[in-house]
Amino acid sequence: MHVKVTVNLKPGILDPQGQAVAESLSRLGYGEVRGVRIGKVVDIDLDESDRARARARVAEMCERLIANGVIETFSIELLEA
Amino acid sequence: MHVKVTVNLKPGILDPQGQAVAESLSRLGYGEVRGVRIGKVVDIDLDESDRARARARVAEMCERLIANGVIETFSIELLEA
Amino acid sequence: MKVDEKLALAHGLTSGEYASLCEGLGRVPTYAELGMASVMWSEHCSYKSSRPHLATLPSDGERVVVGPGENAGAVDIGDGQVAVFKMESHNHPSFIEPVQGAATGVGGICRDVFTMGARPIAIADCLRFGPPESARTRYLVSGVVNGIGGYGNSFGVPTIAGDVAFDESYAGNILVNAFCLGVARRDRIFLGAASGAGNPILYVGARTGRDGIHGATMASAEFSEDAEAKRPNVQVGDPFMEKLLLEACLELMTTDVLVGIQDMGAAGLTSSAVEMAARAGSGVDMNLDRVPVREAGMTAYELLLSESQERMLMVVARGREEEALAVFEKWDLAAAVIGEVTTSGRVVVRMGGVIEADMPAALLADGPRVVRPSSRPAGIDAVHGEEAGAIGGAPEPTAALIELLSCPDIASKAWVFRQYDHEVRHGTVIRPGEADAGVVRVLSPDGTREKALAVTAGCPQRYVALDPYEGSRLAVCEAVANLAAVGAEPIGVTDCLNFGNPEKPEIMWQLVESVRGLGDACRALGVPVVSGNVSLYNESNGSSIAPTPMLAMVGLVADASRATTLGFGAAGQVIAIIGALSGNLAGSAYQQRFARRNFGRLTAFDYAQHGPALKVVRGLIEAGSLASAHDISDGGLAVAMAESAIAGSIGASIELPARGSAAELLFGEGPARFVISFAPVHEQTIRAQCERLGVDLYVCGHTGGSSLSIHVGDGEVICTDIATLADGWRGGFGRAIGQS
Amino acid sequence: MLTFGVVRFPGSNCDDDALYAVAKVLAPAGMTGKMIWHKERTLGGVDALILPGGFSYGDYLRAGAMAAHSPIMAAVKDFARGGGPVLGICNGFQILCEAGLLEGALVRNASLRFECADIWVRVEGRPTPFSHAIPAGRILSMAVAHGAGRYVHDDVDRLEGEGRVVFRYVTADGDVTEVANPNGSQSNIAGVTNAAGNVVGLMPHPERACEAVLGGGSEDGRLLFLSALAQVNGTPARVG
């Protein structure tokens, strides 16, 4: 099974990278850009076919390693193989 | 409108960060992890309500700045406000 | 929100402090005022426990231009230039979030330095962690190093020195102390004073978010859970923003537009505004509606207490604000006039047409003072009375040497400093690891002279833990010795005093004794303390860290090209020891390693006895007589000898007289001792110099071959090839933390 | 006489270093230089350009990505298309790749760590303004300091075939090994040139290797600048 984890900075946490990209885009003529926030997407190829178990295991991986709970949140999406 | 851009390394490009995460996960006991690849997710808050126009503009931003076609691919997802 | 004593207590004020606040104001404070007072009167901002003791430190000297009390100290280095430096702790934030905590620590200290008009030219980092084998420690080490490098590398200042050690006592409370050195023109130093009634106050840099707003209030009723979620307790550093701020500030400082400037650090806008007004004896009137914000709907309380990074508060000459704004525009920085200087002596804050705060600046700036009882711990005399002799079960000397070289406190820290750009700004003469101090070139303004500044940073916390007074004196002596070993004259020191909970008399005793020791040694050695920082309450689960007065000392090298490293040079050089031949095992790394604790009586620092050795080494380097110099510290003579051999990739044959125990001779430690090497032609001069100043010199061998051989009397006690030693020393750190 | 223009982007931090190397250290050899602000649209009379190291725009998103869109870049591209010598050092190399003036891309080091260390590179490939006067095969000692220096290209064979790899990481003895490679670059590539051979990018810092008093003591970095001088002067010189 493929699992896609999206890791984002918690709201309120400064995202200097997103800020710089937003400013660059607006300098490039994309005045409609109101804000940018940048996160990570972690694609995991999992040897597991049970959806519930896959989700539970990946959630645990996120808490332990993939996301930094102090400043980040994560969301999990199960994709078919 | 909110637009979510996902940027991934092209398949042929080595992703040492993904590899390191995969190894750490397997050391932590997640033997079911077969592979990990890490990409970026760029959330854009756009002052634009027309979906087609939003998509076209963001595609252009990606080609010009957000992704580097030499090493990366991107995909665009329009989310509602 | 109703303000009462209960709310004040929740803000960390005592009943007495709340009463004096009400009395000082002549009324009950507003909510914003309570927040302002609570941060200004916190230990962190007010130094209420330590101030009377800090006042005893020597802070004047011929070279001192700006002493403690400003954003950083400034010391004259000739050619119309000053060295500006300071050290600061970021312990707690780094434990919560190592990357950002360490990064913002570096950012904060660099701002303190360029606020004064100095361009930063060097960073140093002093780190303490728990046991290296713990997973938590490993995570923290990687994160902290990543954070320091990530910030300094991008900001573009070389990290040239530092210190890393591990000890159980830091497991739940790591230390991350960052130091920054800058150079300014003596006649263009900028201070944090809001002078000149009518002058506009400018806010420059990052927009304000709800970062790091004082913790006590998080649980208070005013905020819904939603609002709390919006208040991150981690501040993220933006080195790019800081680089823009640096360049813009330095550009503005070439004009006469700027009157006063202060970075917004701890306690944010509140402390900058209050301190600037208090220093000038003026007042400030600010309108928060004009503050550039990152998020909508922020309250006055939040705007006043936010600790968002990379922000500056400035006072500019009236009518010249457009010139200032043009510079910030050039550098794409947000800037706004948010108020003006008054003569009222009060800090007045308005928002949405309402006066949110109106308080005397002096009331907030002076802060409370507390006299904390201190008491000498029972049992310390017994520990000092123990015999620090040979240790049963310790390995034989060669094995002990290899083990010491590989332990992470002594092993090469290259794993760390390879992650730091130590060469940016084309000034680094001696890089980290190459000598006892990092050295960075300073060009005279006319470009004709190349002098240099040397930086050593660290703390022998084993000594301080054993005996805070003597240990602190030894710490000063070791810093001077580290500078001497590169040929630098000490010109000033900054400190960061990391201690446990001062409300415990035994901890307070450590602090008092340590400060007394630092003061005595600095006075004896003629080194002024020009800036510093105190970090208290370093404890977890009720147990305190080892007392750790971190020192960063700066030295002047008259001719950059003369600075000397610690590696032996070519074959056939003479090797000698300066200072006492034998050392003391009390408090030594050897004792720590093999007896697993420290005991006994430290060798006391004695200026009459130890001062001359420090002078002689510097003099010999200035005269160009030495090929290498290395002070004998952690691990004693054998470790120093091995380090010089490894660095030079050359062997050495050493013969020592049988004096005292072999362990004391090889691994004992003590003040003002050096391993030097020199070409045979210099031997006469060196002998004469040492004799003239009454310094012990013992010629003990020569360089050559590919192994280290040490004889004591007739017996060879250490014999091993340099490659083996090098492998232990080079790889020891990475192995200890489970990284290659 | 050779006048270098050093382009200063927001976040450049080796701009002063580069200018100092050419305009101060190498002034006696006949060089000078000036800083060019990224918001300018013209270069003003310069003979050669340096895009210096640093963290332009914080290296956010991708190293060099945002600087590649700076106003000055149009003029840089014109200069390069006209055959003007352009040297990108470290972040400057990354910017040149992002701007499409050089092929390939520079991605995160294989070690995932920033690496600041002394390295050696071998001079090879077709002649460029910054290498033609250095004897082929000469090994230069310099330092690297970067977190994203791993060079990737989808057709290294073609690049090699066209002689466009001009600096390659080697050991002090000249061996192309993994140990010599600080970042995991394909084929140990440290520097490349464009098809026309006038634009060069490399990750190591020649401007930091111009004075014996500094760091590792190497002065090998001078050779790149002296080579450019020789080209502009039209003297069939050999340096190093």
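Chains here go by letter, A, B, C and D, matching the order in which they are written, and residues are numbered from 1 within each.
The working rule: a contact is a pair of C-beta atoms (placed from the backbone, for glycine too) under 8 Å apart; a residue touches a chain by one contact, two chains touch by 3 or more.
Everything numeric in this text was worked out from a predicted model, so none of it was measured.
Between A-D and C-D, more C-beta contact pairs are found at C-D. Once the centre of each chain is set as its mean CA position, chain C and chain D turn out to be 35 Å apart.
Rounded to whole angstrom, the centroid-to-centroid distance between chain A and chain B, based on C-alpha atoms, equals 9 Å.
Taking each chain's centre as the mean of its C-alpha atoms, chain B lies 41 Å from chain C.
Residue positions of chain D with contacts to 2 or more other chains are 57-58, 60-61, 66, 69.
Touching of two or more other chains is recorded for residues 64-66 of chain B. Listed for chain C are residues 238, 240-241, 332, each touching two or more other chains.
Working note: touching chain pairs come out as A-B, A-C, A-D, B-D, C-D.
Those residues of chain A lying in contact with chain D across their complex are 16-17, 20-21, 24, 27-28, 38. Chain contact summary for the complex, chain A toward chain C: residues 10-16, 19-20, 23, 68, 70-71. Those residues of chain D lying in contact with chain B across their complex are 61-62, 65-66, 69, 97-98, 103-105, 107-112, 152, 154, 184. Residue ranges of chain D in contact with chain C, taken from their complex: 10-11, 13-14, 16-17, 20-21, 24, 39, 53-55, 57-60, 113-117, 143, 145, 147, 205, 207-208, 211, 213-216. Across the interface of their complex, chain A is touched by residues 57-58, 60-61, 66, 69 of chain D.
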